[in-house]
């Protein structure tokens, strides 16, 4: 049995996972180019975390579950159904951006249609929100669950603690996934927490916790799937820590050479989950030279098209400044 | 018509709204079995069950944040902060999140949450059970803040807050809970948020205030009318954010002399903004400098009765200020 | 073929400039869209700037190691065909409603701000005669100030060019009956009249009076006066003691020793007291300089000299210059209360009234005491009641404690 069949994933599904991961990577790369060309003011990256983001999303019921993604989750939002064009509209801050109509910076996702809660910049405020959605699901006997992500640095925030505790006390259908990419901007993990694993915190809340290799899509998928099952059957929340590495600077405004060695980044790039997953798919003859080339070309043309569209799209009129303050 | 106290009016409003709409639920510390430390949710747990009257862990940011999440889902939460003084850990959730959810999502997501919090002093609550903290939230477009001055308003404004499609902060004066009683028609309608209420008309001076100070001002005005024949035009702001500019301007223009009252510290308070509105719009109608009566600029209300009394705005202080203005 | 320019992008939220570290292309290179062109170093990041167009590099506009502002052209690229041009910052269509700027004329003409009303009342200005330049014809504070300055300017010009005349245009002419004697207003009378009008129309006067028990002073002066007259040849006047007390008090409260200069108040260092002395028909206001530095004898001497000069009409211009505060000896005529007109542009004038023996209750007993009233007129623009009250109390304290010890004659 292969890893994917063991998890009940079809060849089409794993190929689709890979396609979305690759799309996330290519979109992100384009964003950097656009930033450096002076076209968009800001980029905050997903690179190095696409595998866990997409694998986790595939373990959810993408038709009915709720998500509260954090600012690096390009992989999550693509997996949930946001289009490349919509991401570009967000990057260019255009009126058609479904996330905020050009009001928020890139990475502040939200879509009612996709049941994706709108997010802000103060980190980890989304944890209590996801818990609130979990509470509402429980009250309404709704089979849906809430999936929320955050960075490991953010797990130090009070809202993480307050939300996790609330969810555990009320046994709410919530999955909290910490995407541990080793850095909170410039501060490394060992200066953020003293515990061995972020998931060690779960026991303090009385919930299940586990740490998985974020570069291994199957490990992440399994973990999230099991958490979702537990949530749906009323066994309460789960804290998952998916460990990978942030391959880019924190954002387009950051220079990571001021706090970590190029050697360290180089080594991490070799462990990039996208590479190992590609090798897995090639080894299992799911990804061929032919369909890979086609995949890359399709992604590139979609990105080109989305870039041109978003670049040319209109900004919000100043007349709309006061829209949506109140109903 | 039954005579109802301020706190009964609050409880009744929640009860009726929970009955009317299944999405309405209450969450907060001690709101369930105990029925609230002030008994504002008394009987709701028995009537609607633990699922709709939720005792939460002692964590204000979660009470607000979980409520916000549920509101985004489509529920109508009424979150209770046990004391307004303790709302501060939840300020990020209220200001960064609730207030901005509609705006930042370009009208995609909404957050119809009501956050109730008992405020105010004169109850031997000392520094951390007496504060008026409304000014912290009163420059946050996206939020609405109501502060009822009577049982009737307490009920009508709470119902309006619960039915409002946007986040509303509802500050109830804990001294008013059992002090104020009046007859309320069972069929009484909701009171529109955003509109001030002209309590009484008068031609000598205009008094603008809100919350429990309205009660004190009413009593002081009655005495002045009887003793000195001074007629007070009394405006109750009811909604202190966003302010009812038109009502403020009209009330000021009626007499040209205005006394603004708040129990909060004077600096940067709600009446500071009211004063600015008057300054902007009423220059040619003013017949006296704008007069403000407020709590002193000390951090909060002390425990000792002498100090508490010195801090607290009361009927005598209001009467004195009214008289001074009338004589100007 | 079109030539497109690549400009220096803003690399980072607060970044305004960048340094070109290395060109990655040369003139003549054919490049792809998004191909890196140049390495740039900024305060926040080091980055490769990619091409926004495909084409051929025709010009490199900035040399390596040069620091340039965001937006500065970096290089030119000849592009094959026009890319779909998009306007730089398109906006969703919307309707701008033109704000109507046409306001009804003079709708605000009769809306007076508190500032305007205050000035108008201080300067007795008929607001109907002032042209408003504000919105809707409103009279602004500037309009009033301009009006005041114009009036002042006109007065000044008249003052300089002609002998001072009262502005008769605004004052109804008095008609005289046959039996009345007409006295032409000329010279000193005219100057006095002009100054008085100026003072009373411009200065908002306020008044204050205190009662001083000068029994000690009277006793002291009576003990000394004969001996003084014998040795000095002139009188040891009460007035010298009053001037001495006033000078001491002015030293302590320099606020009163100042003058009004429209946009500022000038506080004088020297204490030069103007004193009013008169002959039959004229009033002179000569000045005793640096009174605070003079003894009682010195002051008495100057009073004597100036009075003599006034009588003989030999006062010079210098004698009347530089006064900073005026003390008027109204008591000479038996006056017990008066309201002085401030000697423009000084801040105040003090009237020293008659010393009168009166029954006064001291320790619940009647006592016959020598009492005097001191009346102060003050310019309320410069001074307030509190400071003047303190000043007057201080003068009173000095006078009531006068003795050989506190106030030696020499």
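Chains: A, B and C, in written order; residue numbering restarts at 1 for each.
Operating definition for what follows: contacts are C-beta pairs under 8 Å (C-beta built on N, C-alpha and C of every residue); 3 or more make two chains touch, one makes a residue touch a chain.
Keep in mind the model is a prediction, meaning the values are calculated, not measured.
Chemist: Considering only C-beta pairs in contact, identify the chain pair with the most of them.
Modeler: Top of the contact-pair ranking: A-B.
Chemist: Name the chain with the Cα centroid closest to the overall protein Cα centroid.
Modeler: If we average C-alpha coordinates per chain, B lands closest to the whole-structure average.
Chemist: I'd like the Å distance between the centres of chain A and chain B, where a centre is the mean of that chain's Cα atoms.
Modeler: So the centroids are 41 Å from each other.
Chemist: Where the CA atoms of chain B average out and where those of chain C average out, how many Å apart are those spots?
Modeler: 47
Chemist: How big is the gap, in whole Å, between where the Cα atoms of chain A centre and where those of chain C centre?
Modeler: Chain A and chain C have C-alpha centres separated by 68 Å.
Chemist: Note which residues of chain A are touching chain C in the complex, please.
Modeler: Checking each residue of chain A against chain C gives 30, 33, 35-39, 41-42, 95, 249, 252-255, 257, 308, 311-320.
Chemist: So in the complex, which bits of chain B are touching chain A?
Modeler: Residues 25, 51-52, 54, 56-57, 59, 61-62, 64-75, 77, 89, 92-93, 96-97, 100-110, 141-142, 144, 165-166.
Chemist: Would you pull the chain C residues touching chain A in the complex into a rising list?
Modeler: Per the touch definition, chain C meets chain A at residues 6-13, 34, 44-52, 70, 84, 86, 89-96.
Chemist: Per the contact definition, I'd like the list of chain C residues that touch chain B in the complex.
Modeler: Interface residues on chain C, with respect to chain B: 111-114.
Chemist: Per the contact definition, I'd like the list of chain A residues that touch chain B in the complex.
Modeler: 66, 68, 97-101, 103-104, 108, 110-112, 117-118, 120-122, 125, 127-140, 146, 158-159, 161-163, 165-166, 169-170, 323-327
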